[in-house]
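Contents: one structure, followed by commentary.
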């Protein structure tokens, strides 16, 4: 017996339609206004959204901002390419440790001596104590992408659940190796990680989180534009094809493995960038900063918001990161409510808070087909391709 | 640069051979029982029931309830002879009841609605994760287990009955190994011979045809969860026999290891759960001896990754849906 | 439009959430309760609305130490109110022992100009992330329990440590073990910052003292089965086992060792010194030696009585007295008329204070002058009993 399909809360569709009807100029202005608001946000104290127990500007950087960046990265893997990754925290960790190691243990002097100091303080590469943050950042991203390639190459041939478990295992292996390897700090981790150099008068210190937040915002905007362009390109179309039906895509000549690997690497790189910035702000990291539960939280942000769809994913990240800080008084119930909300979302609104229309269609397609007599769609019977 | 494997001692395979075998068997038996829950649900629904680890934890709480009902105190817990048999029986029934009930409720609330609407696999997984978090935190409430470790009376004497070439054989280890084996045989026979067991295998093999043949899918699914829950509950009790004491988050690590065992043996294969559990238990025991115990978890995860990459159907292959269970 | 009703429901839900949100507040700061004021409150020379914060785990699985310290502070605040007639608020910053939550809370504390001092952070891990923020904000801190030796080497001007650090605890443990005549030792840790840090110092000092560490293992405190470690210890036939880690895993490790017929003396550090060690050991904890840079039980009866009265009957635990003494040191600064962060910092750094436990006089790097004794406790007849300082 099938329960009648529950009518969905149609808040999103009318808003989306109204948005699409606006002239281009109006949309640009609205977006710019939003961005301006986001930049000003940490200086404001808005009673309803202020976090009473913890410093609002700090919270905006971490966990809110960092979670948004991470969710955008994971969205490329899970939402775009449809690859279930339960070990995404590993890439966050690689970025963080890259910042830690290159900032404290490895001397980049010889590497940098050949580079010119580009005129103008805004582009100065070397920090006040000689720390080349803006060189470490791309290196950290690169390290994470390499990590993604290393993980992806042998495992992306697996399907669905098996891939999920393998990535889970990988995430834990990375963390335990970091814990057990004294050379990179062991359980003590890495301390006294340096800050980025001052940019245009903004000092990156320990007290004021705002410069970090603004730098993070810039990175988020860059990533958003990058992913959007990818979505609209051939790469994005390939991802959609893979996500909807990998076998059919392969038959139509889409090199699925290559594009899956790309998704993995790009997602990993975005996660790594978050790790680099995070490490330079908190100046001390340990393996316990990268526990498995974080992978779950990141995944929940993507799924809650509506995977595959960037505004949704951002909203999901904000919800997952912000609400526990806002309701610190209920600290005891945080995870309890969180778990219940996850289940409730899946039962009542699996397409996420802000679903993309295409996703909603994909989900509806599942109804009425014989597969769902028992649950779920394609199984891992064909586990290797 | 100091060696990562500071405690690397390959000779330990021989010097700790029998102790590792006995201890590995005991641990592996526990993994096997919990692995059953994962493998049954996966075989029928293709779902990784993340929350099975919390069902196990709820089973350990059953031991707590049982011992307090029987008036067994922490100060003088050890039972013997008929008293021990009674205590074990009562606690086992309670633990299995807790586990079974929790599993059936879980299916009803967290998975059935998703089955109804044909939700994609990702949704099931998220719901499983959410359920797992919820159940663990629920039992962290002060009026349940609280956040601290809850001591449980040690009803079985852990003193050595005899030693064999350095291995200590104590009653608790014997009970765990024998108990787990008995449970697995019972389940195995049940799935092979009973009507409901045939239903399970039919649905695992081909759900649509099973429906056409008159199998009630809902009932089979409920029953599958019930079976898995009973086993996880029993595992909880046996865990308390071996390692007295429980905590709300005790399920997490144990659950992942048991899941690894299920995959190792062949997910969807009942005997695979037993084989996988034993093999993992032994590998952890020997691995800890050789590499040092800080690497034990890595061993488990590495095995998991390697198996999935090279032989994803596991040691015995996926076969709940085939003629042999 | 049929969608209007749905939209209305949605917005209604949002509005309700907003109202609920607006009505919610954070953890409230505490004002001393109870007791009769002997002089009229709020005299002309009472500092206005000052707060002293407590920073550490008040909820979560490691909350026992944080709660002990905060409870000790309450006694100090209450006495201060009785003696001076002035009120100071105890502002809790619950980090749950999680370093990730530390920066946000620390920034909050620094940003609150009424907070003039912090007792805490309770753990070494969160100290690493919070203390730089306190340092830049000039907010003086006294930690009653963060024992990681490296903390005082960061040049933080506001850092004060009211207990002996692991650089003292480790050698004392080694000295004690060697003093008992042990030649072969097993040193095990829980791969945590604290546990491994302490264990590593013990390993070095044991070697210097001529003993051999035949077994060096790290166990997973969240794991259940330590049999491979137990088997190794048994095979090596050691005289003593030292464990660096916290009480829950310490108890279980000891039980499994005893079940495995390992008779060696079991020695552990301050993280294991708690009544719950006995619970976890399931009756096999007898004879365990637990060291700490402080007394497990308070000995001053007046303190114990007042502590129980203010904290719902709870008994003082490890670091309760340190929390009490540290808070009193700050309150002494207030009594001397110092009400700004800089003044209080200068006072605490330079003026000694005679507390219940010891005389607190700080060096330039924030460590106690004279180090402080490491006290030996032993499990005797199912209870933790005081033996005396390590000689």
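By written order: A, B and C. Residues from 1 in each chain.
Everything that follows uses one rule, which is that a contact is a pair of C-beta atoms (placed from the backbone, for glycine too) under 8 Å apart; a residue touches a chain by one contact, two chains touch by 3 or more.
Quick caveat, the model's predicted, so the values are computed rather than measured.
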item: Taking each chain's C-alpha mean as its centre, the one farthest from chain B; value: C
item: Of A-C and A-B, pair with higher C-beta contact tally; value: A-B
item: Computed distance of Cα centres, chain C from chain A, in Å; value: 35
item: Length of the line joining the C-alpha centres of chain A and chain B, rounded to whole Å; value: 33
item: Set of chain C residues in contact with two or more other chains; value: 59, 191, 218
item: Multi-chain contact sites of chain B, meaning residues that touch two or more partners; value: 294, 297
item: Residues of chain A whose C-beta touches two or more other chains; value: 179-180
item: Touch list for chain A against partner chain B, complex; value: 2-3, 5, 78, 84, 154-155, 158, 160-162, 164-166, 168-170, 172-173, 176-177, 179-183, 296, 299-300, 303, 307, 333, 335-336, 338-343, 345-347, 350, 362-363, 366-377, 379-380, 383-384
item: Residues of chain B that touch chain A when the two form their complex; value: 1-2, 4, 44-48, 109-111, 113-127, 129-138, 140, 203, 207-208, 211, 217, 221, 256, 259, 263, 294-295, 297-298, 301-302, 304-305, 308-309, 312-313
item: Residue ranges of chain A in contact with chain C within the complex; value: 7, 9-11, 14, 47-48, 51-55, 57-59, 62-63, 179-180, 186-189, 191-192, 205-207, 209, 281-284, 286, 288-289, 325-332
item: Parts of chain C lying in touch with chain A, wherever the complex brings them together; value: 3, 6-7, 9-10, 18, 21-22, 24-27, 59, 94, 96, 99-101, 103-105, 107-108, 110-111, 125, 128-129, 132-133, 135-137, 150, 154, 191-193, 195-197, 218
item: Contact footprint of chain B on chain C as seen in their complex; value: 59-61, 63-64, 191, 216-220, 222-229, 231-232, 234-235, 248, 252, 259-261, 276, 279-280, 282-283
